[in-house]
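Chain nomenclature is as follows: A, B, C and D, assigned in order of appearance, with residue numbering initiated at 1 for each chain independently.
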Amino acid sequence: MDCINQLAQCLNQGGMDSGLAQFISIFLGVVLVATFPLLVTILLIWVERKFAARIQDRIGPNRVGPFGLLQPIADVVKLLSKENITPAGADKPIYNLAPPFMVAAVLLVWAVIPLTPYHFGVDLEIGALYVITVASIGTLAVMMAGWASNNKYALLGAFRVVAQLISYEVPLAMAVLIPVMLAGSMSLQDIVKAQYGMWFVFAAPLSAILFFISSQAETGRAPFDLLEAESELVAGFNIEYSGMKFAMFFAGEFMHVFTNGVLMAVLFTGGWIGPFAEQAPLLGLIYLLGKASVWYMISLWVRNSVPRLRIDQMMDFNWKFLVPMSILNVLVIAFLLQVIKQVGLTPIDPNNFIQNLPQTVVLLLGNVFVGYIMLSWVRSKGRQARAADEAKKMPAAAVHAVGD
Amino acid sequence: MIDLTNINILPWLIPVGPLLAFAIIMLITNRSKMVSATDKHEYGGHHPDYDGMTVPVVTARSRVMSITVGLSGIIAAWAIAWTVAGAATNFNGVFGQQVFANSVEWLATGTTTLSMGVMIDPLNTLMLIMVPLAVLCIFIYSIGYMAHDPRQSRFFALISLFASAMLTLVVADNLLLLFVGWEIMGFCSYMLIGFWFEKPSAYQAAVKAFTTTRVADVVMMLGIVYLYTLTGTLNFRDILYNPEVLEKLGNTPAILFTGMTASSLIGIFLIIGTIGKSAQFPLHVWLPDAMEGPTPVSAMIHAAAMVSAGVYAVIRMYPLFEVGAHPHDGLFNAPLMLMTVIGGFTALFAATIAVAQNDVKKVLAYSTISQLGFMIAALGIGAYVAAAFHLITHAFFKALLFMASGSVIHAMEHGEHHVHAHGHEDDEDDEHEHSASHAIEAHGHDSHGHDSHAAGADAHTGHKFDPQDMMNMGGLSKRIPVTFITFVIGGLSLAGFPLITAGFWSKDEILADAWLGTSKGFGPQAFVFFMLAAAAFLTAFYTARQLSLTFLGEARTEEAKHAGLGGPSNISSITMQLPLIILAFFALFAGFVGVPSDFPVLGEIFSPKYPWFGHFIENTLIVPPPHPIFNWIPLLTSFGVAGGGLFLGWWMYGRKPLKAGEPDPLVNILGPMHNVLKNKYYFDELYTIIFIKPAQAISKATGDFIDKGIIDGILHAIATAFRFTGDLIKTFNLWLIDGFGDSIGQGIGWVGSRLRFVQTGRVQNYLLMVVFFALVLGLIFIASAGTAAN
Amino acid sequence: MVPLWMYLAVAAALFCLGTYTVLSRRNAVAVLMGIELMLNAVNLNLVAFWRFQSPLNMAGQAFTAFVLVVAAAEAAVGLAIIISMYRSRRSVTVDDVDMLRW
Amino acid sequence: MVVGGLTPQAIAFGFFTILTLGGAFGVVLNKNLVRGAVWLIVSLFGIAGMFVLLSAPFLAAVQVMVYIGAIGILFTFAVMLTRSMTNMRQRFTTQWWSALIVVGLLFVFLMSGVIVPVWGGISPEQAGDVVATTTDLGVALVDGNQFVLPFEVASLLLTAAIIGAIVIARQHEEE
């Protein structure tokens, strides 16, 4: 028997006390799950910088190591060598607690992500809900950091972030609901397995988009990077942080982005599913990371090409567009699912691609319907605004179609 | 979910329609605009009391809407009721044996729970056939009759509520629900009798009716409560139809009244309630005065609803009264004796009064009392079937009579108005020109109220005219033929004209049943037989008198000469005559359902096997009462009394009808007795003397003697004594008593000034108190639990 | 397996602490926090009883969910009240809000 | 695996108890309300852990989401908006000692009730192994025979609370 997949039994047969063996295996698993994203991050930093550079028609890091691959290491060293400043009048414990919270908020997500058919931290009955839940810890961390560092810029930044994060959690949760409904389970493993026949991204592209946008906002990167709007607030809530603590925030952010990619992969593009994933589990991990990095690239692309929003625009966009759309989406999908079940289009064998087609088509049409409704609504609102502006003899360009 | 096709659920819906109509009319469609009382075009019922003020007059739209709503409500009730009745009567062939019942837990009283429910058994099936029809007719009738009254919406709303209450009472499956309907009806009758509250007599009559029935209702409530305490249930079938409960009631001695069984006491209580409700002898005084209300109301109260309700309640509870008694074997108990005596006496007594009345409606009122006496007496001697039968037939022909008399009054008022409109030139104008004349008069007779208007007429014309006085009528048969014919039918039915009228069959059945006992030599039956025979004779007599005075001969006044309903095209004439025709049909033919099987010829025709009615109704009882064997004596008796009475009446009044101003022949026949009768044996005066004067006298005596004399005297003595001692102990007083009182006051003030700081206004203090006392309560609870544990 | 009474004990302690917060803190926000603590004690009781007494009847969990809802509503409204109170009186001290006194 | 005779559940229970009660004490005693909020969150997190131990994971997640994600943040906001972290010179009202006595009594009372179940309720040492799942809870919440009505009412209540909170806390235009 292989000692990779059933470590505990393996050790046990090696004559070790079963409880201890179990403990060791769990411990190893935890260590792996915890360290893996951190390691990935180091790579991600490089990827990100290269990518941004290419988009901005630069070369990017190219000095340290081949293609500047060792650049992140250098950064880490630099950050480590920096002094850890704790501002006077800061609320020390909270100040020091905030960065770990930030990292933990992301790392905790990894605990439930099914890396392969057989390898995952835990397969929670309520995995999806858990994912949304731990996101709120990040919010808390931001709050703590912003307040504890006893700095008005930090506090303002924190306020903005918290407002943003809390607001965007609503469409996020609504979007996660859709895969849950489709898979009929909140456990991520089940959700992945439910996508054998058909990835949910085809059945519910709208919720995929919603999830993508709101998770982008959750990470607080462009176009939603108001929390550290360099040009307005001096780096936002983490202004007072330096050295390794800042690095934690930093790493947390990077990990968050990539984690979102992983979540996209798990929820919408069938996680580790791929040829021979069952036979060779590590293959599944590779598939997962591949899909995840695709989404990651897209988010980088967005980040580097879309300008930053004003805070009122951001809020309007959330409350007046995303939230209604997500609610409408949930309603329509739920309705359609019932209809499908009643009509009998539900695939007999969910793993069969062909049998999945009708259901997928119907749901897709539903998505198109919702999207059309929302967009035309926005269009009419935009028209009205433009008309009002013309009436006021103001430049029509001031009005963004999206938002109000 | 309620399955409306389920026949057991359906009875719930019967009272709902009118109730909804009441609510809708009262809350929504009852719109009236204030117009000046002197504006006779807007406000028909002109009344001097209103001059110079504005009165609420219902708008035309509101009137139409109210009528529509009310009518639809009542039609709905009627349709459902007849559906249920139909289902009840032919329930897979065997009729009467089955009972529709449905009940819900209503309120839990300690160990027992009162369940509210509906029940349809043969008895209230009959009521369901009779009541909604009568109510419907009355409603249609009042559309025309009240056509020009202010506050019409209110009238229709109240009638709807009344109907709803009556139907509730009918479908009720327990005494409490029955009592609820009963009381609502009492309220409605109060409102309706006093509908024209501008007239002092009207509201006085309303108050009189209300208080009189209330006295009886309290006693009835006593009975209900006592029954509940004994049996723990008020459901009819649980009490009346399981022998052990009746057995138990029959054996337990009554409280307070030793030597009487509980069942008897309860029975007497309930009967007293009925005596009040259906105006039996001691408490009959309210009913004649109730004639102050609009005539449809009189019909409602005296035919369809209230008085029938009283009798219905007695019939319903009959098995309870009968406990420990077998009237057919001459074995009586207190309630039955009570009913026998009261009923028999009332029948004759009221009939005698009716003989001497000149008011159309008063005559009918007293005849109602006497007919109800018939029923009660019949129940007293155990003629269960006959009583129910007479209840139904009487409802039909009495409603008919009242509405006919109403249209007579209407016609008279019309004639009166016409006289006032045209001055006193007597042109024999036909109806056509008549109706033409309405059109041109702005304040034409299309806009006149009723009695109130009569008063108004006196205001500006000199001579007193009472459109209800039969002495003012005469020769109306030519003016209002339809009314005449229907009136005659009703009258004959009331008089029990042999063979062809409903009244004959029911009355004959009562007499037959009475004779059954009389032949065996039982006293009560004999009493009933002779009383009722005499009463029947008088009934026939005053019916003939009324008919003759009203319709025959020549018109005795200008008004009578011009009386009329305003042309066949007039809405009021249509709506007022249609119900008459419908009811006339029933007044004639309703009797044939109860022809005894052994009746010489007709028996074979109408009831070959058994009398449909009796066979149906007797299933309400556990042991069906014996059918009276056919006997020529009661038959001939009823032939004789009916024919004789009618003939005598015709001979005295119809043969050569009275001329104008000619006195009533009875006066010189009866002499002073006539005054006694005319004044109803001075009963009102008697009650004034017995109850009201003594009360005043006692209070006065108490005031003068006890209060002024004794108490004041004592007080003065004490005062003088104490003034002396007071002077003695003044000094003492000054420092002790004052000091004491002051210290009390100051102490209280001090405590208050300290205590007020409890009111800190700080929520946390309050919360602290809350927690503390919650803690205390918890400890108490634990202690009690611990004690309860061991 | 941890016995029921331990959970109940924890809940009791939590409830008492919450009560004490409510009763003794001057700051309205702290008072609200105390209320939250009490509600959570109740929740803990509900869930514990559900688990130990009738793990198949969802009443316990459902009630907990409703308590959560109520707690959220209560916090929102309470804090809103506190904020408006702060606006009008420039203070969130409970003792300062004692207009309703003798 | 058993460490020092303690099952993992026991260890976890102890840990969460420490979190819960410690956080509660923090809420009671803190000088600084933002820390108070953090303490509150810690305490509520402990409760969530207890829910997990009681095999009610859904409630645990909701607890974390609602309390830590929403209410905790809300409190922090309120504290900051009302500048309550200042003027904390005296934390307690003047009735703190009487409150202490009463609450102490209350605690004794409750504990006596817990340890000596006076009202006859036996406290089972062992819980049943078969436990309703989150699915059952979901079904129960929307089952017409169980909790659908309270469920809807709760949603209504939330809506009302949201609107009410906005209306109460809104800056009025005239000001």
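Following the convention adopted for this analysis, contacts are C-beta pairs under 8 Å (C-beta built on N, C-alpha and C of every residue); 3 or more make two chains touch, one makes a residue touch a chain.
Keep in mind the model is a prediction, meaning the values are calculated, not measured.
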| item | value |
| --- | --- |
| Contact-richer chain pair (by C-beta pairs counted) among C-D and A-D | C-D |
| Identifier of the chain whose CA centre is least distant from the whole-structure CA centre | C |
| Distance from chain D to chain C - Cα centre to Cα centre, in angstrom | 7 |
| Centre-of-Cα separation between chain D and chain A, whole angstrom | 29 |
| Separation of chain A from chain B, taking each centre as the mean of its C-alpha atoms, in whole Å | 82 |
| Distance between the centres, which are taken as Cα means, of chain C and chain A, whole angstrom | 33 |
| For chain C, residues that touch 2 or more chains besides their own | 19, 23-24, 94-95 |
| Residues of chain D touching at least two other chains | 58, 62, 70, 77, 93, 95, 99, 102-103, 106, 113 |
| Multi-chain contact sites of chain B, meaning residues that touch two or more partners | 762, 764, 768, 771 |
| Which pairs of chains touch, using the document's own definition | A-D, B-C, B-D, C-D |
| Chain A contact footprint on chain D (complex, rising order) | 1-2, 32, 34-35, 38, 41, 57-58, 61-62, 64-65, 68-70, 72-73, 76-77, 80, 133-134 |
| Of all residues in chain D, those that touch chain C in their complex | 7, 9-10, 13, 17, 20-21, 24-25, 27-28, 33, 36-37, 40, 43-44, 47, 50-51, 53-56, 58-59, 62-63, 66-67, 70-71, 74-75, 77-79, 81-82, 84, 87-88, 90-93, 95-96, 99-100, 102-104, 106-107, 110-111, 113-115, 123-128, 130-132, 136-137, 139-141, 146-147, 150, 154, 157-158, 160-162, 164-166, 168-169, 171, 175 |
| Chain B-facing residues of chain D, complex | 93, 95, 98-99, 102-103, 105-106, 109, 113, 118-120 |
| Chain C contact footprint on chain B (complex, rising order) | 756-757, 759-764, 767-768, 771 |
| Chain D partner contacts - residues on chain B that touch it in the complex | 762, 764-765, 768, 771-772, 775, 778-779, 782, 785-786, 789 |
